[in-house]
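Chain nomenclature is as follows: A, B, C and D, assigned in order of appearance, with residue numbering initiated at 1 for each chain independently.
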Amino acid sequence: MAEELSFPTGLGTSTPETISLLGKDLAADLMGKVGFGELAFWLVAGRRPTAGEVRLFEAVLVALADHGFTPTAIAARLTYLSAPDSLQGALAAGLLGGGSRFLGVTEDCGRFLADTLVDAGTERDYDVIALEAVRKAREAKKFVPGLGHPVHKEQDPRTPVLIAIAEQEGLRGPHLRLFEAIGRVHPQVLGKKLPLNGAGVCGAALADLGLPTDLLRGFALLARAAGLLGQLAEERRRPIANDIYRTVDRNAVYEPRED
Amino acid sequence: MAEELSFPTGLGTSTPETISLLGKDLAADLMGKVGFGELAFWLVAGRRPTAGEVRLFEAVLVALADHGFTPTAIAARLTYLSAPDSLQGALAAGLLGGGSRFLGVTEDCGRFLADTLVDAGTERDYDVIALEAVRKAREAKKFVPGLGHPVHKEQDPRTPVLIAIAEQEGLRGPHLRLFEAIGRVHPQVLGKKLPLNGAGVCGAALADLGLPTDLLRGFALLARAAGLLGQLAEERRRPIANDIYRTVDRNAVYEPRED
Amino acid sequence: MAEELSFPTGLGTSTPETISLLGKDLAADLMGKVGFGELAFWLVAGRRPTAGEVRLFEAVLVALADHGFTPTAIAARLTYLSAPDSLQGALAAGLLGGGSRFLGVTEDCGRFLADTLVDAGTERDYDVIALEAVRKAREAKKFVPGLGHPVHKEQDPRTPVLIAIAEQEGLRGPHLRLFEAIGRVHPQVLGKKLPLNGAGVCGAALADLGLPTDLLRGFALLARAAGLLGQLAEERRRPIANDIYRTVDRNAVYEPRED
Amino acid sequence: MAEELSFPTGLGTSTPETISLLGKDLAADLMGKVGFGELAFWLVAGRRPTAGEVRLFEAVLVALADHGFTPTAIAARLTYLSAPDSLQGALAAGLLGGGSRFLGVTEDCGRFLADTLVDAGTERDYDVIALEAVRKAREAKKFVPGLGHPVHKEQDPRTPVLIAIAEQEGLRGPHLRLFEAIGRVHPQVLGKKLPLNGAGVCGAALADLGLPTDLLRGFALLARAAGLLGQLAEERRRPIANDIYRTVDRNAVYEPRED
């Protein structure tokens, strides 16, 4: 069966002489002239960010790149131990932990803030909007994404810094302002003061940058890809995965299933 | 069994008040002050790159980020079609194609150049070293990594641009010079002129940046992570994966296995 | 810090002389005496299945193993093309498509039936329960999982066969009966007759086998692992992934993003 | 551009009324009549195995399914902890450790035996062939795959059982016989007696079953998929991944990179 096929793309294409990316000549217009973070933003958003947007965006990526021995870092190291011939497999294994619980907060928070702003209609007082949103979350017995941290119980040091950078660059928009308002008003509803965490403030900042909320997790994954490469480079130089494995195996205790 | 455990790391650690990364205060010293590409380099190499090194390094990442509808981009899109709830799975599926054939050239080329330089001992004439290396590869019936391209049969436009950037930044070192020499001398051995491809020149540049050759593939994967996010963002906006799937399925022909 | 660690497991443990699995001696009690499907059931359910349960369970796995050129099969083949040195990566890439849209129906259907039976309380007439469930789904503008198929518009041939096997083995329980009732009553609500699909009937059968609904997707993944190995073995013998890739690439059309 | 496309397959195809797999009617000929292990063999080998072949094949899968807290099992559990919404991601992460070091022995051993038999030409005395092969490996400073085990230092209990099953089924062929010969003669060359390990004997048995040596790793992965589902089911019921993570994190020690 003869058929006409057409697969449209606005990303990369090439001819024998040129490579185009985003409608630009890759070699002549992009290499050496556009930063890597800038390109990542452009690829997803479909528009070139300003210098201020790049600074805020890269600050988010830097904030999310590594968090020490997270479950994803350990999973990547263990996979590298088992299959050292496949660096891509170890990296992929680490990224696969980028789901709802650990890396998902950035996306969940951005989406929560965006949805809340839509629901708020014409209301312009962020404290009013925040109070209502926290109340509704509490009634639905849901957590407010971005609130609280297992280690940084008083304050997450990334939060004020990222807000300050957004302010400096003229990018402290409605999502960040609403997030800050949640930080102010939630004790009225929850009866205790929780810190605004770093993953959450990153989601707020990405949303203020106009990036699609459905893809915010993607930026956390990109940041983490760099962090995981750091973990794998360290594992190669100063391995610990075998020790982790042996620690677990050595302390395995057989307990038959009770049911 | 009580035991003493110790898992050393020079990457990230945290206390309730601070987050450290690479021995720096993440919030005070890194966010907003260090670029994302700069941090990725630092995480793997264990040292902060200079501004010139960052420029060359990011030019490599930009060169490798996207190549249009590669097998890995298509695999990522098909996975996103099947499991749209798991962006991390689609990204991981795309990265898993980062093996020997497509994304591996960068690492293979960097390693080939590094090994050749070691074998060359005190010889300092790059054309002599290159001639010997191409001859040995030919005798062993092996391809010289970085030589030839299925589309860019005359010249890969990325190659001269990356060499020029390295030259501008004072980073045109032995790996790039040897790679250029291979470009000059190989026709004497192979009887035809092949282009120096972009993946190869990126491997040479990364090696000249002092990055470990065993991990060069990792930078290709990091670059590709950004490209794949672009592909997935486009798939979300203007999907083609279902068309690809249906095209294949519609043209499936049952042919029993012949043996 | 010295600490006591204990990691309990009811699965595998070993000493220098023996390997235990599920409290049995692997070599003496399991190898050659227990089938692979039987072991998979046992590992997840924590109890050894009867011969009839094994037959129904393996019929489900056989039904779900391969569906020709699905998006997951194509993704696995493309990944194998890119990284032929890493069979595990190609298999993993294929499995990563086992999410909500394609492979998820089995789990969704099993869970829908289980939840519906709980909601039904003391009602024992499956047609009454089914009618109420389809009505509620329609009101909530949700699809009833397991209803309808893009190709098998009249009847999915797997459905009556699996029900017959369950009947033969005395395992046609409440989930399958409710599923059949949905097949009878849904036209009253939806105004058209849709087939009960194979993925759905497999979910119903797995639920009747007492397997945890949260893990039903896992059995679809296990079945698909065998199918993907078949796809990769065929790709090795009679490759098509490069043709698929070139078909897409050849028909790529640059269209700048419109917004 | 109109074009003729054709993607041949000998696996699955479907029409509105029927689903075919391997040239058979899936519903009428396979479901309830063919076991899951049998189908997996058939899909890869392209021929239906005999009952004896199925028994040996399934004994291999049972032998390889689970080994307790391996690095891959721990990686899968940690990934499930991080992203509990994506069972496929946790399974894939576990399988990605199926590379050269842990799961690769089965394939390496099968290939080593097959290659050795080819090199042996017309020599028919397995002890002579084995002696020469062990000598060559030692001269090349390579390990003989399948020899030695970190835990089962005297004997791996799986080895004699699998050989006995093969003997019972008339399937103790040249690969198993050569493997046994290696077990007899290697102390002459290596100066110490090592056990024939279970992963190795499985590779030998799969090779005697006529399965392609390039895909032997695939069967280890299929077996492990079942084991990993067992691990994930247990993690859901009696979680330990968070304890593992906290144990590592709690004992993290910052040590700056020394170079």
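Throughout what follows, a residue touches a chain if its C-beta (ideal position, glycine included) is under 8 Å from a C-beta of that chain, and two chains touch if they have at least 3 such contacts.
Computed from a predicted structure; not experimentally measured.
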{"item": "A-D against C-D, pair bridged by the larger set of C-beta contacts", "value": "C-D"}
{"item": "Angle of the C-alpha superposing rotation, subunit B to subunit D, to the nearest 5 degrees", "value": "180"}
{"item": "Chain separated most widely from subunit B, comparing mean CA positions", "value": "C"}
{"item": "Whole-Å gap between the CA centroids of subunit A and subunit C", "value": "31"}
{"item": "Euclidean distance of C-alpha centroids - subunit A vs subunit D, Å", "value": "37"}
{"item": "Intercentroid distance (Cα basis), subunit D paired with subunit C, Å", "value": "23"}
{"item": "Shared-contact residues (touching 2 or more other chains) in subunit D", "value": "1, 3, 5, 7-10, 13, 46, 68-69, 83, 85-86, 88-89, 92-93, 96-99, 103, 234, 244, 247-248, 251-252, 257"}
{"item": "Residues of subunit C defined as touching subunit B within the complex", "value": "1-5, 68-72, 74-75, 78-79, 81-86, 89-90, 92-93, 96-104, 234, 237, 241, 244-245, 247-249, 252, 257"}
{"item": "Complex interface listing, subunit A residues touching subunit B", "value": "1, 3, 5, 7-19, 21, 25-28, 30-32, 34-37, 39-40, 43-46, 55-56, 58-59, 61-63, 65-69, 86-89, 91-93, 95-99, 103, 151-155, 157-158, 160-162, 164-165, 198, 212, 214-215, 217-219, 221-223, 225-227, 229-234, 236, 238, 240, 243-244, 247, 250-251"}
{"item": "Touching residues (chain side subunit A, partner subunit C) in the complex", "value": "5-10, 13, 20, 23, 46, 83, 85-86, 88-89, 92, 96, 247-248, 251-257, 259"}
